[in-house]
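Chains here go by letter, A, B and C, matching the order in which they are written, and residues are numbered from 1 within each.
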């Protein structure tokens, strides 16, 4: 038997969480070091699995299967394909940088890292599941720590409201999808939750048409699809920095990924039938999200709504049902994950110093924290799809896919690029340039070296992918091939 | 050695990036080292370009020094570069102006390191556009160049001035100008981006030479529309993007703001190279990809060009800000470039078309020299007087005779005095367009009259007339460093004016190939 | 089967009952023998005795897959009853541990004896196959519970709880007995399996059966606190000693379900659509009402009371899905629910002892006062909410799966929506524990050893059930298959 690397990845965080909880409460530094070590270990493992994945062979690799509940055909089955392995890498990256920039958390860091790592296990679990039950199992594990993380360590003004809103929204989405998944299980009559088996179940067209919207939109809630995106900006804003990073960086991908894996891949006929109107929803996401972002005065809300816009592009890529669309969406998931993690890290660093996020009250932060300013600009360029950065690599094929299926939508959606550019420039100008307000003079300090490492690391990935996409595109492409095969070579 | 020759374009393209990286790791407070290292590094691309100039085979057809590597295989885009005569002259212009602009920036004190890094990135973006033979790569560099320019204007632009935006909020003028520049160009590129995507989807490749055949020969209907309609829309998407950059009237309004607020070196590059990107886009993409549409809409373009020439000249004449005056002159001069291109597109072959297009390309080069020179000279006087108001000057010639001489020389080149570069190119354009667009060309000649008027006005207000007493004793002569900046430009202006064939031969071959 | 001849099987069939009886006797003797200061150890004796009983039972008294009717067909020796019996014993054992530190409760031998007798009754309930036996078992269970609910004689609330429980319990069991009498009159037999044959031979008028069934259901609904006979629960849980409230809400409720499963499934297959409709309605009403009322609660015990009402509704979903999977899911649900809810009440009991209040607001700052206790509450509450990796997720999954399997999508959706409401108030509690601060947050909450052990066992059980699903599910499956 080969080395069970995926299981190691999935269970590293939760084992770390347990160990961390055993450290005495007042040994805060030990807690942090342990958390950093664990996240570094997970990062190394995820990098390893990413590059060990054999692109030329494609398909699902590193598959492990253990019976879980044979009576119902539930098994613990993990494996990665080209679509999910970048997301595993993304999770490793965000987890590591999230721990780096959370060094300053002083209120019960032990509990903080415990919950954060439980969340990480859930996220890893979803990305590698090949069993429908297991997917839900880890999906929910990823949802509930979010509540505690936001409500305990979040922004005082809105944390209780936002945490509850977020949790309930996501829970509603997932349980609705769950009912659909159960219907799939029983209708297939194969007595298994194995998704690779269910792919071959041959569901009737009527069945697929009936259930596809439940599953796609149910998971789409977590992907921030309009009109169920409302939880996301509130949640982003209220969350503490590392959690925002996780939340926007990884968790929203969870929704999109599950919508793809369960919705599109298991119910391809349903997808073909419904995507015509779903793409309109995603169009609203893209344009409306960008527009709303551009009128926010709260720094973090700007980023929050920009995520709505960008995740709209991911779902739009799916909705095109074309090779280019899936390819772009797959890369966009990774690119947006890293980018938004970077953004939220920056917002957090500014807020920690300024104690306000009102854009008009900020200014001149470039002088005190130059690295942060550069990082924000890099993130901004990614988000406006500037060539040379990963956002362009991702968005370009998405638009090509849209051209293939709905040319008019491509034209309308493109407006978002200019809107995005305008708010990114505005925010960058207001927050980082101009004069430092007198009240901050002498009070604000530069970020510490760990923060800088995190920022540089994230920025580096964005540029590396933008300049040389060859280290990710073939991976995603091989995953797209599987999807297209299920869609009947569309 | 053969490695160097085989990869010379890649080396030219990415040596600015390497330079940026080196400068980035220099110590922040060693300003002198940063300046000189930057200058030295900026000579590397120039050196390679000169080598390229001599290695370039003047008799061969097609693109030379082609390199091609897989870049984004999933959508059939590759890193594909190559040069022809037009591109080569533009590359030379870029690599020549960059060291001069860096030298002109030695008086910058604020955050010099970032400034130099951005400058190299800007050079990278511009070179990429000239060298790209892949539509996607073209766009990558096209957009990429915006970013450093934005920051150069935003951070190092003129510190004075405020602009009122909606809501009565006042923002510094450089912020306003840089924002306008960025959004204008990005919005313009949007149509280009969409059209490129569409072409990619339809043709299945982004390779420019392949597209020349595949896209033009396409005759099935697309998206339920007739192919000619689709092509016409895509044509205009391209044209608008390039027209904004050139800029063609009425898309020029970002230009005066951006030029005026940019730092001196920024203006030099902006006027010298950046505007050429738009014209180059017409030559590299629009004419070969849309010969039919270009022919059909050429009269419209010619009309817009004439408007640019006339209004540019009038607007320039009306300015009291020296830098704005020079800025509007760019609109005026670039109008000739577009006129030449439009005439060539309309005739599509023939001797007149070749002459007009030769003129247009040479005008691009010449304007690069003279506009860069003019902006530099404006910068020189501004550094000493801290004003750009023409009415504040007056009779400065006795105080700064050397500067005055240089200013008059450069102005004359800009005006198109025979014997200097500008004359050759404008003459060629007019000569070529006359048989094709007689009326438009005649109107453009009227515009040319006003070109003389505003340039003379500028010279008069600065150098002649009653001496403004307050400058006496406060105005120092142009420094050797500054002379060193302007001297190569003057040499080239004179050289082209006297013996243009050294460059015209090169251009002519490419132009002939383009029109055939 | 001839009941007049004694054999080993007959004694094995009532092994749990015999063990409990012996244990109760031992406790009575020890209470007299031990000095008063040592009475606390009675809790340990009871708990360990019950756990030993489970262990011994697993070794010697496991029923064969072929069920046997013994003791004059009064008792059915099958795996369903056995699973439930062990479950009750486990629940009682944990309750004994929780109680042992409470002065007025855990230091009195009669408390343990009463609880053991009640447990004995439950074991009989789960395996009774005759309606006379059934009634006796129910009363054996109930009467000690009435006393236990009112155990704090000098506490008005406790007395009120005991009295209320007695009144409602007596009334509903009278109605049920009335129903039983009709059943006997109609069928001429008191044996459930015989009754089933009668029904199958179609000798009974369905119309009459409807009425009879209605009467019987009243009694059962009271036991499992289903709508509309749920209203005693909040008052009784609040007033009763907290460990007893936990016991009532878990073991007693599970016993009610055990009876419900056996009587309806075995005795009334003929009118199945009828009771499926009724119980579907009851299920929807019960969970919706329970959840909605839970939203408004300020007291932790009342909140748990309403939540336990809601959980009865969820379990009923699996019940009305009339299938092997359905029954399995109900049994599985009850097993996990017992673990979870005992843990929840256990934590409340521990906290209440220190703070003297069970107001939700008084739990503020618990995570700072005692991180481990907070984590245990987190485990219990999230499991109640149906979150993985805790048992509650798997069992909810199972009941919804059972419903979808039978095409009861509507019911599944109602269940799903209800679980969202549930999530809201469970999270609200966790918010108080983790987020809110209190003036007393520097005061630690001591967790007595006995309670700590019980809580640890329960929480680990909840997590283990959630992660290693197969063992729990398979046991439930064995129980379900033994029904016929």
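As a working rule, a contact is a pair of C-beta atoms (placed from the backbone, for glycine too) under 8 Å apart; a residue touches a chain by one contact, two chains touch by 3 or more.
The model shown is predicted, which means the values in this text are computed figures rather than measured ones.
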Review point. Where centres are the averaged C-alpha coordinates, which chain has the largest centre distance to chain B?
Key: C
Review point. Which chain has the mean of its C-alpha atoms lying nearest to the mean of all protein C-alpha atoms shown?
Key: A
Study note, to complete from the structure: Between the Cα centroids of chain A and chain C the separation in whole angstrom comes to 42
Review point. How many angstrom between the C-alpha centroids of chain C and chain B?
Key: 83
Check your understanding: What are the residue numbers in chain B that touch two or more other chains?
Key -> none
Check your understanding: Can you list the chain C residues touching chain A in their complex?
Key -> 325, 328, 367-368, 371, 375, 378, 382, 385, 387-389, 393, 397, 400-401, 404-405, 409, 412-413, 416-417, 419-420, 423-424, 427-428, 430-431, 434-435, 469-470, 473-474, 477
Practice item. Going by the contact rule at the top, pick out the chain A residues touching chain C in the complex. Key: 21, 25, 67-72, 74, 108, 110-111, 133, 136-138, 140-141, 143-144, 147-148, 151-152, 159-160, 163-164, 167-168, 171-172, 175-176, 178-179, 182-183, 185-186
Point to revise | Partner chain B, residues of chain A touching it in the complex | key: 324, 327, 381, 384, 386-388, 392-393, 396-397, 399-400, 403-404, 407, 410-411, 414-415, 417-418, 421-422, 425-426, 429, 433-434, 468-470, 473-474, 476-477
Check your understanding: So in the complex, which bits of chain B are touching chain A?
Key -> 70-75, 136, 139-144, 146-147, 150, 154-155, 172, 175, 179, 182-183, 186-187, 190, 193-194, 197-198, 200-201, 223
